[in-house]
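Below is one structure, written out as structure tokens; comments come after it.
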Amino acid sequence: MDTAETLWADFKRPIANADDYLASLRGRRMNVFFMGERVPEPADHPVIRPSINAMAETFRLASERPELGTVPSEIAREAINRFLHVPINPGDLVAKHEMQRELGRRTGTCFQRCVGLDAIGTCHSVTFDIDAKHGTKYHERFLKFLQRAQAANVVIGGAMTDPKGDRSKAPHQQSDPDLFLRVVKRDDKGIYVSGAKMHQTGAVNSHWLIFMPTMRLTEADRAWSVVGAIRVDAPGLTYVVGRQTNDTRIVDGGAMDAGNAQFAGQESLIVFEDVFVPHEHVFMDGEWEYASSLVERFTTYHRSSYVCKTGLGDVLIGAAASAAEHNGVEAASHIKDKLVEMTHLNETIYSSCMAAAHQSKPVASGAYLNDEMLSNVAKHNVTRFPFEIARLAQDIAGGLVVTMPSEKDLQNNEVGPLIRKFLQGRDGVQVTDRMRILRLIENMTIGRNAVGYLTESLHGAGSPQAQRIQIARGMRLDEKKARARRLAGIVQTGSK
Amino acid sequence: MDTAETLWADFKRPIANADDYLASLRGRRMNVFFMGERVPEPADHPVIRPSINAMAETFRLASERPELGTVPSEIAREAINRFLHVPINPGDLVAKHEMQRELGRRTGTCFQRCVGLDAIGTCHSVTFDIDAKHGTKYHERFLKFLQRAQAANVVIGGAMTDPKGDRSKAPHQQSDPDLFLRVVKRDDKGIYVSGAKMHQTGAVNSHWLIFMPTMRLTEADRAWSVVGAIRVDAPGLTYVVGRQTNDTRIVDGGAMDAGNAQFAGQESLIVFEDVFVPHEHVFMDGEWEYASSLVERFTTYHRSSYVCKTGLGDVLIGAAASAAEHNGVEAASHIKDKLVEMTHLNETIYSSCMAAAHQSKPVASGAYLNDEMLSNVAKHNVTRFPFEIARLAQDIAGGLVVTMPSEKDLQNNEVGPLIRKFLQGRDGVQVTDRMRILRLIENMTIGRNAVGYLTESLHGAGSPQAQRIQIARGMRLDEKKARARRLAGIVQTGSK
Amino acid sequence: MDTAETLWADFKRPIANADDYLASLRGRRMNVFFMGERVPEPADHPVIRPSINAMAETFRLASERPELGTVPSEIAREAINRFLHVPINPGDLVAKHEMQRELGRRTGTCFQRCVGLDAIGTCHSVTFDIDAKHGTKYHERFLKFLQRAQAANVVIGGAMTDPKGDRSKAPHQQSDPDLFLRVVKRDDKGIYVSGAKMHQTGAVNSHWLIFMPTMRLTEADRAWSVVGAIRVDAPGLTYVVGRQTNDTRIVDGGAMDAGNAQFAGQESLIVFEDVFVPHEHVFMDGEWEYASSLVERFTTYHRSSYVCKTGLGDVLIGAAASAAEHNGVEAASHIKDKLVEMTHLNETIYSSCMAAAHQSKPVASGAYLNDEMLSNVAKHNVTRFPFEIARLAQDIAGGLVVTMPSEKDLQNNEVGPLIRKFLQGRDGVQVTDRMRILRLIENMTIGRNAVGYLTESLHGAGSPQAQRIQIARGMRLDEKKARARRLAGIVQTGSK
Amino acid sequence: MDTAETLWADFKRPIANADDYLASLRGRRMNVFFMGERVPEPADHPVIRPSINAMAETFRLASERPELGTVPSEIAREAINRFLHVPINPGDLVAKHEMQRELGRRTGTCFQRCVGLDAIGTCHSVTFDIDAKHGTKYHERFLKFLQRAQAANVVIGGAMTDPKGDRSKAPHQQSDPDLFLRVVKRDDKGIYVSGAKMHQTGAVNSHWLIFMPTMRLTEADRAWSVVGAIRVDAPGLTYVVGRQTNDTRIVDGGAMDAGNAQFAGQESLIVFEDVFVPHEHVFMDGEWEYASSLVERFTTYHRSSYVCKTGLGDVLIGAAASAAEHNGVEAASHIKDKLVEMTHLNETIYSSCMAAAHQSKPVASGAYLNDEMLSNVAKHNVTRFPFEIARLAQDIAGGLVVTMPSEKDLQNNEVGPLIRKFLQGRDGVQVTDRMRILRLIENMTIGRNAVGYLTESLHGAGSPQAQRIQIARGMRLDEKKARARRLAGIVQTGSK
């Protein structure tokens, strides 16, 4: 089997920019399927391509706005893409969140690189902790891996969510042990893992994947307690790209019907069949007692990463304002009031995420971690407010968002002129501009990028109830009860 | 040109049932376009057909549950389809709303027949009022038309929303006079109308259309003050069916990907070019001062008709409960609590609509009209609660709603077995059942029928602000202020 | 001990009107306490009197608007006060709710007579059911009691909520058996009951009380399964009137500071010590299996009775509109929009309650009962919307609601003129009118009648969770799941 | 008239601690009125005293937790109370907000010292800006004043809100020119001001007041464009302390009935009649064009200061949790869920305020100012979430919050034992502890401190609409529209 050395051999030359990144995705031998067909070259697939474009923006931003998209390397040389950087002070997390919002604004969708970024931060500290207790060498291995990734400027994806089967059972209790990813055999070169990961963001567009357990484990789940890094084209991997709302619009209707023709997100089911991982790329192997802190740290990072949705919110607010302008109603008080409400909700999300970054604290490895309570609060707001923002955007836009003819009708000789005549809005507004803005609102509220703006906002980084459980854990009721008793004039006697 | 007599000649034999209705739609010469192509036979178009199926359920219900779907005729003979009946007591409106909820449950979408129904109720009383003042014969004409429609058991659609152009201008002020439908010429046989109607629900699936003005008019808008009935295949009409979210799923992915393969809604842009209407089918012609009461009555009827969405809510609550069951989490307290919340919101809508029916009052013609305040309140709740119900459904369902592979992947020899393995939920649940339920939730919350369940709930029968204006008009602040002053101990002196 | 005959001897002459009612409350020997002191004559106590005034409005309405406040007697003679009438068709419940809203508008508070009214309706049908199964004579006894009450035109209060102690235990499991009211001894004349009832609305202002169990009971709770009627001045009863927010304002500040000087609610703790009940006044005695239906029917009636809060809402909307007018901002779009929102929420509550009345169904005794689902939905909205209406009222009113000087300051020679100078609003508005309206808003949102408008709206007729449990019971998930499966294309195979 | 020198002569010895502060309030000759009576010594007035106690906590905190309550002096010597410190970096604002939350937790009410603190920050930069343009010496004067205040460790209050009269008119347009505070004469020693300030927080408990204009002014309002500092006992000042909900409970019911007997807020109407201000204490005098930036900076500071309400939220959450424990229901899932929701909302407010501090920016004088958008967003959340937190607290607590007997009843020989018997909750819970907690919840949700927790949260630092106007100003729609157009594929042509 391959060694770490040989596995990295293909990445000698660092990826220089967005075009270079696009080139790097071609010619790989991956088992990718979409809608029942094998996809030989994802970068050429019209439905998948917009998700690659969105990922490419992370490189473009690094070129265009290096202060936001990169971090100066400690070891002189080149700046490092911020998506490959472990945060070592609050400012790093603040800058990360500003970058995420900006990429949300640029793409109007999920640019798919945050899971890997947050996996890096998590592995940095968890490997450190395991080593401190067990005398293992995971942290050193991880740093070596990370340096190679930084040098090559590759995209690292993160893979966490297992299929889970019956949710009332632990991994070792499942009727099919593969329902959680696990070590199925091992030799002196490395380990072999089987199972699957679901809802994997941008996996097909990555170069490497870090796989991690998805929940608290027990001793009996030792085989499932595994973290490692693999190439996305490792033998044994199969990808099934999920369907998204209106995914085929770009094909059947064209750019206008797509709403946002350039950018989209991507989620896939990844199946692992005896995938080999050399020891150098194994970062946890049986230390089940660290699964819970790994999951908690990852979600603490990742829940704040949902600040990206405020970038999408910016776009949607702008689109709604444009639609109002096209209709000639931008000065109506109820329209202005709705735009204010959308902004208020959007900035509330932003403030929760930013507070969680500013109030981050270091863990033993020296990495900084967002404030846990605030990060959960931030994400919990993300599970609510984008839905209301989207509703208000549709309110402002009007029903045409869902009843508008296709761009193909516009091109038709018989009905095209009729559409141009009857869809005219305020004088001076081009009918196609009006249609494009309405299609963008459709795209973000009930179309392809509503997947990312709405449903993913609910479930990504943990569903609403997961945040509530964490908030419950952190809410320190005893302290609060003591404060209440004191003000109520209750003389404290003994415990609690 | 045709007379009313000849126009009705094709409808001698009453439509007996759902199959008969389907047959009645074939062989008509209509100019229907969809996605840039002429659709020769809409009933055979895979994307349009589900909307026809939904309309057909209004006939099926009449056969299967005549007590709900029909009204005994006053003139002995056959029962009349309830969609062709003018309500003459509160019980009629109550039964109408129960029918609408049941059709929502049966189809999970907009069955498209309420606009016409509410147009009938509106014309009954407005023609009566005009005649009473002007000595015209509109009411008699209308009754004759309605009797023919009842006898033939045809589908009548209603057409109200004009393109409007610059919304700050009246019809006669628009740079293009066609932006509101108007009379362009007249002769001794009848009138000719030009213009367009937008967002027309189920028009292609109807036999006749009643067109009406869309807002309060002034004397200068006399030419735009016109109401009439036309056959949907009248010369001069062109239909452009609008695109809906995921409309092509049924074609590109198949029944499972469609989520609800059988039923969908339909909205189209209808262009009128010199369409002839014989005098017998003209129900208002220049009486501009009745436009506002026509619009108010129509919206009062139609806003309560949105009780249909509680039928969709029933389906979505059931789907969410099924998804929870498939995941083995139906007993979790937060899941049960979310189902309760969904039900509470759904029944709140129902109660507002039903109260508006029970408290209906007669107008001069003898027709009963829903309580105006309550009908506006009902619709205003419809602009909010389905969005929260949909959010909760997605919350319960999980992220797979938007990341699931296509049915075609399931059929693929390579990845099909992998999907079956990894998408298995609780023991005893078929993977395809699980997938189908998730696709239905997608369909109703971010797919094709979300168009009807969400966006149409916002804008149909008037956007939220339209209800707020009506609520403001009806809120009788003077009475309320008097009550407050009395309790505050303010001695009343003189006026207000 | 007294017999029913002797107990009714004092009520030979029917109460003719509000003044007569006030007179009827004097000279009774009751153990009433308030703020640590025995209250010899509650009608003369300045803090208690406003609650009596509110109750008296139920008589005044009967005189002034008999069509609303009374029901024609079936047995010719005099009309019966509607608060003593068992509803025997939907119209009765509709009229009841209209009466309740009107009394809410007249008093701006809880007029305290609905618990007794709903107890009457409940006992009518539950006694009928018990007799049907057990061959007992409770229904006949109850009808006799009710006829006497109707003839005497007395106020009947209802007493349900026991102290409950440890809420995780049944009555027979409590360390103190008195924590639920129970039969402590019995002889051939009647039974003796001990225990307590909490939060008793208007008890001191009533003539009779019907006591009932508060929850589902088991066979071991037989002694606690008791329903009966007693005079409020029965030996063994003690009343402790609870403190309300700002209850002493009327004393320490005067009428203006009180906000609503005339009307208030009243709740007391009633302790029962060996209170005798003659058999003729016992309506359940050990039939524990009927406790749950008794509670469900009572709450079904009583939850809809919260329609009264829409009358309070009318007052508060009127007060807010007046405050805006005094400030000269009534034309501001955001003010108008808030008044619309308040109205929308208020009418949504109304519509839920009214729908629950219109869709009432008869039970075996012939009494009509509100629709159970809708009644729970209605009350659940009452636990939410008044809080938002109150918040909006304060928003419109401005901070002066909580920072305003006392009426006594206004009367002070030094500062009175300063207050008149600086509290002047728009020209032409009297400063005292402005102050009175602000005090009324204080009264209803953070003062004495906020107790009834807010907190009681939460907990009266059962706290929010109680409604959620009932909604869960009635939401028929199996039917809804079947609808979802059908539309999802799942072929039904056998059961669920 | 007095010079600055003589005015400061009484403050030679710095206030050392809370007791010293209390002593400093005695023996002053102020015209203070409450409920129609002159209050000779406010510190001895039972209703006013709790507000002084709350203010005293700002000194106690400085002694007990100097790292939070003080700032090391730049000029060596003693640390400065943080309430007298101009923030000169983000950390200062962060620490300020932590201090405010802690004081909220300690007092459960408004401790009244933030207006003065935020006035100091505002004057620092606005005087700097005026001087820079006009060559005046306001900044130097202000620094001198501030240094004296810091040395003396006095309490500075801020006075902003004018009576305003007819809100549609500017100061110079009012029929009574005193409705806005203004310069009425001037001599070589100083100026004389007349008018009034309303809703003045803690003024009676302060040593000095800084008065400022309340809104944007025009050139015609030059006389009203005045900022200065005065002693609270300056000749010509009259204070009328406003009534608060349940203010007299502490007198008529006692400590238990008060709910929070120790702490409360305070607001008063201050009337100015020819109050002299020596030139050294005048910080703006006619520079009307700076009124708007003064108001904007003050509100930007002050809106974030509402982070204090999260300290009150902590207390209320703790009280609700205690009440649940007393009832034996703390493990019920719906109770836990409500506590989580309360915490989520409370921490959302916190995060908005903290983000506004962390992202503060310097202005020309070197002072740091909270981020304006985030500060407005923070306060806007404060106008909503405490109301929902309070509703949930009442939901958990149960109806006894508003129906409970007085402490005096508990002390009564006849009913005291009955109350102890029937108000017993879970075994082991003292009845008085249960009652005290419920009284605290009453105090904070519908009692005296609800004034601060709810109504003041709405209107303090500007009513909701004021924040919406600021959010509208800062929402940069043009940028957002540009982003939307780019993603919609609209080719930019020319401007906007």
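As written, the chain order gives the labels A, B, C and D, with residue 1 at the start of each chain.
The working rule: contacts are C-beta pairs under 8 Å (C-beta built on N, C-alpha and C of every residue); 3 or more make two chains touch, one makes a residue touch a chain.
Since this is a predicted model, take the numbers as computed values, not measurements.
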item	value
Labels of chains that are neighbours to chain C and to chain D	A, B
Contact-richer chain pair (by C-beta pairs counted) among A-C and A-B	A-B
Size of the rotation, in steps of 5 degrees, that lays the CA trace of chain A over chain D	180
Interchain centroid distance [CA atoms averaged], chain A/chain B, Å	39
Inter-chain centre distance, chain A versus chain C - centres from mean C-alpha coordinates, in Å	53
Contacts with two or more other chains, residues of chain A listed in rising order	334, 337, 468
For the chain D and chain B complex, residues of the former touching the latter	333-334, 337
Footprint of chain B on chain A - complex, ascending	31, 33-38, 163, 165-168, 175-176, 178-179, 196, 198-199, 238, 240-246, 248, 252-253, 257, 267-269, 271, 327-329, 332, 334, 383-384, 387-388, 391, 394-395, 398-412, 414-415, 418-419, 421-427, 442, 446-447, 450-451, 454-456, 458-460, 463-465, 468
In the complex with chain B, residue positions of chain C that touch it	94, 105-108, 255-256, 259-263, 314-319, 321-322, 325, 336-337, 339-340, 343-344, 347-348, 350-352, 354-356, 358-359, 373-374, 377-378, 380-381, 433, 436-437, 439-440, 468, 471-472, 475, 477, 479-485, 487-490
